[in-house]
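We just call them A, B, C and D in the order they show up, numbering each chain from 1.
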Amino acid sequence: MSGADFPREVVGMRRALHRHPETGFLEYRTASLVAGRLDALGYALRIGPEVMRAEAMLAPPSDREIALAREAAIAAGGDGRWMARMPGGQTAVVAELRRGDGPVTALRFDMDALPVQEATDAAHTPARLGFASARPGMMHACGHDGHVAIGLAVAERLAAPEAAWRGTLRLIFQPAEEGGRGALPMVEAGVLDDVDLFLAGHLGCLLPSGQVATAANGFLWSVRQDVLFHGRPAHAAMAPEAGRNALLAAAAAALGLHAMPRHGSGVTHVNVGRLEAGRARNVVGDTARMEIEYRAETEAILEGLAERAGHVIRGAAMMQGATVEVIARGHSVSAVSDPAVRTRVAAAAAQAGIGRIVAEWPIGGGDDATFMMRRVQARGGRAGYCLIGADLAAGHHDGAFDFDEAVLEPAVRLFAALVEAG
Amino acid sequence: MSGADFPREVVGMRRALHRHPETGFLEYRTASLVAGRLDALGYALRIGPEVMRAEAMLAPPSDREIALAREAAIAAGGDGRWMARMPGGQTAVVAELRRGDGPVTALRFDMDALPVQEATDAAHTPARLGFASARPGMMHACGHDGHVAIGLAVAERLAAPEAAWRGTLRLIFQPAEEGGRGALPMVEAGVLDDVDLFLAGHLGCLLPSGQVATAANGFLWSVRQDVLFHGRPAHAAMAPEAGRNALLAAAAAALGLHAMPRHGSGVTHVNVGRLEAGRARNVVGDTARMEIEYRAETEAILEGLAERAGHVIRGAAMMQGATVEVIARGHSVSAVSDPAVRTRVAAAAAQAGIGRIVAEWPIGGGDDATFMMRRVQARGGRAGYCLIGADLAAGHHDGAFDFDEAVLEPAVRLFAALVEAG
Amino acid sequence: MSGADFPREVVGMRRALHRHPETGFLEYRTASLVAGRLDALGYALRIGPEVMRAEAMLAPPSDREIALAREAAIAAGGDGRWMARMPGGQTAVVAELRRGDGPVTALRFDMDALPVQEATDAAHTPARLGFASARPGMMHACGHDGHVAIGLAVAERLAAPEAAWRGTLRLIFQPAEEGGRGALPMVEAGVLDDVDLFLAGHLGCLLPSGQVATAANGFLWSVRQDVLFHGRPAHAAMAPEAGRNALLAAAAAALGLHAMPRHGSGVTHVNVGRLEAGRARNVVGDTARMEIEYRAETEAILEGLAERAGHVIRGAAMMQGATVEVIARGHSVSAVSDPAVRTRVAAAAAQAGIGRIVAEWPIGGGDDATFMMRRVQARGGRAGYCLIGADLAAGHHDGAFDFDEAVLEPAVRLFAALVEAG
Amino acid sequence: MSGADFPREVVGMRRALHRHPETGFLEYRTASLVAGRLDALGYALRIGPEVMRAEAMLAPPSDREIALAREAAIAAGGDGRWMARMPGGQTAVVAELRRGDGPVTALRFDMDALPVQEATDAAHTPARLGFASARPGMMHACGHDGHVAIGLAVAERLAAPEAAWRGTLRLIFQPAEEGGRGALPMVEAGVLDDVDLFLAGHLGCLLPSGQVATAANGFLWSVRQDVLFHGRPAHAAMAPEAGRNALLAAAAAALGLHAMPRHGSGVTHVNVGRLEAGRARNVVGDTARMEIEYRAETEAILEGLAERAGHVIRGAAMMQGATVEVIARGHSVSAVSDPAVRTRVAAAAAQAGIGRIVAEWPIGGGDDATFMMRRVQARGGRAGYCLIGADLAAGHHDGAFDFDEAVLEPAVRLFAALVEAG
């Protein structure tokens, strides 16, 4: 499929994107199609290193992962010309259109999918209708396919001659929102520095179809860590006592981290999402690696949680006579939507014909758009984060996740109305 | 390096083999060099499917692993002509020489290495002398390089015109002794069915240099299992309660398995040697896979241990609302050396000039040569398993493992003397 | 000390009570002194079985515990005449004063202490000033000593001839608030059935001195369980394999329960507060008992949590081949303060000279006064729960807990003003 | 029942003793009846402090436990006159008879029972025949009732005028064999210092009825420890994060200790036999106490095991931010029977009509008679430990333990023959 064949209407776009999920910093097909479409619409493009500071990318993919992702992207109709401008996993695309003087309005859309196996049963609409993921073990399980589709449709609508707005429109297509790695490199490249009005949003989040929340609350502070345990191998039967069992250290640490106390005054979350340990069945497991995420309602609670986690991890290592390394893998911050933006979102939603407008709604997870919001606010601009209600078939990140596509079109109208009201 | 360049003396052979370790069912370079050498010596060869029943191979390598192993073998001087006769990881080589009528004598030598990272410091002789493993993460950490070198030297000595023996000499070069997967396919291919005298042996095992044990004892019964836990993914912050945490199920199972009670009347060992779980940092870990080995002194103790392990595994799954599959990955049996073979080993050791002969010594681990011993004994032949004492730098399966090479030459004399005493 | 010697001013009363903490359903000294004082003030008393339904008492103390508590109460100046009316741990006291027609106003004060060892260092005011607990391992670590002192002072003030109020005043001195066992038996005895206005309150809760919250929020639903694991004993060295280790089942369950996932949409808490297992060092631990409390923000979240806990507990038992019993030990409900009561609390606080009035404040823990609130509301009355700010030396239930006694006098004025405003 | 009523034949004695089990250092009834009987037979008695060094008693019972045990002993027919000579749990009795010059021969019989609940079903012979334990939670589950009965019968037989032996006969009735606490205080009091021939023995141990092992092997070295974890209490819902959870530290330590690796070259055993933690359901558990026993085949393996256990315990504490104390509670040593004693046991067994004599048999558990054996051997005497085969209904320390009483009478003959063969 070439860019020219890519559907024009928003539901079609979403389905075409859903079929080819790409994980963070590997969105080669998605980003190249986005670039092709926006270029065709007359937007000025900045791509890859122009809008991402490579040094600020956490855990970038390996050369091998990139090569495989590019190969798969090409095979699925990705556009190699644009991909050539995205070295090293730098898959961000920023598109700009200027209509005379006026404020700089930036909208953020995230593009990445997740390493989740999509459901295959007929109860799952993408499977039944034939647009489920074509890539084993990867899935748009958080709705970013919808976000990109909205972004492209907004781009088209506002590029039309009859669209009534003035100033500068900047559309930010961000990679690697999951894991919170994509926003910071774009912030550090200066993409947000001159923005007057910034808006990001998310579909779903347990807000029903037909509703919009003018601001998301409940953004959590978070820290991500990798933990490496180093033990000592030994023959598991001849001399198990000579081993230092890093596998069991990791097992105890995983249980201990999940068993850390809740906090009396604020939300906390802990997840050991990945654990890999040992080398062979008959050798005492001498290495282990865990990927962990901590989240908390406030910075102080997060710090307390992370400190306690350090005790858990070091104690578990000591229990096995193992040593341990903790490697920082990024962090997230909280942010608050400006009242001025909330008001404009409410007005735009009303204009878009969305019946029920709620003031705030919990985002549940998090979104590294908060780094962008804080930068805009720090430079004197206004920033906000809205939620677009959408009935869900299953929770975010679940293999049976799916959302009510009927909300896409009103969402497009909302973003367009917001810009036109500029 | 081609086969022709391969050294002729036993220490040189051992070092050349040490440098290119290959794990079970992937011994392409080793087996092809063995085949080339034995062919040149005039032995009749049977290779791969001729001496291994493919259906009896447990956990054979994937096509991709085989392709990579062949590529590496070729690059390191392996002989592609022989490798062509070893499809699907069937790397066994059986060489036979006949000198008139007489008994069939079979000697077994195992060829595989381990997924252990070799030590690199100067205290480690292979590193200091430059023959340490050239393959990251793989190592001859159990002395099978020495076994192959002994086998080749024995082959050469007994092929010499002056060698005084009659009957049939069968040299069995077995793959995949680690994990106990290689012997059974050879037994089921009938390689042992007509053997009158069978001997296998092992270097080291904490028996000092200069000693031989005419029989190893302490062979353990064992069972190997892979365990798969299936949970349910969920966003780790938005709805962790919707997840079913297979990663934590595996962690609890690993701890619980190692914590199973010892037995009051016999040795047991348990090892969860490998654990892999979860897919992403911010998703509740919905899958887990463990590789486990259970060993016990008697069949009855092993059965009790395995039954209890089933409770541990299913209970750990239930704790997380996960489901679980247990996949059999083979087993080992115990075997006892025949007194007649012990006597012959003692005589051969004396003739080989080995000063101190002990009747029995614990093998510590295990060896699937026991399958061969039992088959020989079941068909009316005699079988034995001896230990060749060798001072060690570190325990078997340790990255600093190394053995006293001075024991190689006497070992060659011992095996040759045994056959010549036929 | 006899009742006659008991101090009259509120700080003195609090200190005298602090020195003799009594745990739930064993408040013999406290309740007898309360009864004596209120009787002397002219209140009509109902005591023990008259105001508690014995069948509704969960986990009542044993006869032996009661005998020891009575003995200690007598030794510390408790009044045996009143104690005689409190069989079987039924230590509730309800005092009533009537002044013509008018509404029935009920105030609830809880009397029980905790099995916490009080701090002994000079930084701890009760220790420094000599009124720390005289009973090893028991302590007023939640401020109920203050509550009782306030209640007695309010009783005295409102019994004075000059006190301007009409109707019926009912003072409820409740046992066993900790663990949530004391309120329900009083509700079921009908003590709340005719109440028009009900108010309970709590000191501290992280609200600073000089403030009052007109309503507490964050009452959590809770369930309490005891869990018994039954295994099989065995000689720990001769035949450990014959045992079924209930001790390890409980250990795994405790870790697994604390490691249950947080909920994405509401607060949860889990605590295994007590664990007792095994019988002797050299016997496999064949019995275990755990005391657990689950709390959650909504009834639905609590149900999900308790269901998952069932899996954890049964799975941990299965891991050890043990069996398990789960015994219900009561539950708590949430309740909401009526706006009318909030308004009256605000007015009374202002009248009492308390400077800063906040609308709501989280209670943090819970209080089974919610059972009383719900009964009053169900019968058409109004109910509320206020918080009296008090600076704390350490958190509730901590051995160094202490509160700013300067808040006692204003609290007395607040309750009295509320009644007088009737 | 007074001493006078105590049965004279060995099966009756065993049953009478079985009915009143007493745990270590609390064998007041048993020891007083033993003393009364031996006194009546003409033996010279040394009792309590005369034959036990109080300073060498590990974990002696509390005054309260002693008072309760004495009370129960009196109620069950214990003889207060003898008990008066046993202060502080010093319940040992040494009886001596001299017949002219000759060697000093000492026989050891242990008296204590276990804190095990006896089976009550009809399949359990003591229950069916009405001589099961009358004391809830206590049981002669290791056969020491049989040992005492044998000792008394031997005493009677050898006191008879027709008994043909010369020299000094010393009968040692030892308390607290379980837990290995009773022998050392007697050794340190000098009871063994002049012994020429020492024999101890045990019933059962999986050796069938009708057999005797002239020596037990497999005595294990052992260490006993109590571990105290100190955390910090906190309200489990208001501020769980302020707590330091000693209960969970103990849970993780218990699992981690049982999961310590087996040893490749020798038997090990670990048992956390008792765990008590926390104070109340709604308080974070701030204290925990564990009773642990480690055993190993050699002193070196035991030291390695104990060192590793230290890491497990300290690591588990660190995981929870708790502190930890480890308190030594004694140790056991191994000992080897002298060949001369083995020969004499074999001869005596033959004379006693016991059909099948085996040279060695594993004891399975351990016995602190090894301290006595070592002292005798250190002073130039000869020592041995034999096993009296006895079919068992269930394993030692199991609530359904029972042994074949038919072996008692031959055992009496064996010990008597040994002395008479002097």
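A few points about this structure:
In the analysis below, contacts are C-beta pairs under 8 Å (C-beta built on N, C-alpha and C of every residue); 3 or more make two chains touch, one makes a residue touch a chain.
Chain identities (UniProt): A, B, C, D = Amidohydrolase.
Just so we're clear, the structure is a prediction, and the values are computed from it rather than from any experiment.
For the pairs B-D and C-D, the count of C-beta pairs in contact is higher at C-D. Chain centres were defined as the mean of their Cα atoms; on that basis the chain farthest from chain A (Amidohydrolase) turns out to be D.
Centroid to centroid, with C-alpha atoms defining each point, chain C (Amidohydrolase) and chain D (Amidohydrolase) lie 47 Å apart. One finds 46 Å separating the Cα centroids of chain B (Amidohydrolase) and chain D (Amidohydrolase).
Touching of two or more other chains is recorded for residues 206, 235, 237-240, 242, 245, 248, 252, 255-256, 258-259, 261-262, 264-265, 269, 284, 364 of chain D (Amidohydrolase). Of all residues in chain C (Amidohydrolase), those touching chain A (Amidohydrolase) in their complex are 206, 255-256, 258-259, 261-262, 264-265, 267-270, 362, 364. Those residues of chain D (Amidohydrolase) that touch chain A (Amidohydrolase) in the complex are listed here as 235, 237-243, 245, 248, 252, 255-256, 259, 261-265, 284, 301, 304-305, 308, 311-312, 314-321. The touching residues of chain A (Amidohydrolase), when paired with chain B (Amidohydrolase) in their complex, are 114-116, 137, 142, 178-179, 205-206, 220, 224, 232-240, 242, 245, 247-248, 250-252, 254-255, 258, 269, 271-285, 288, 291-293, 295, 329, 364-366, 395-399.
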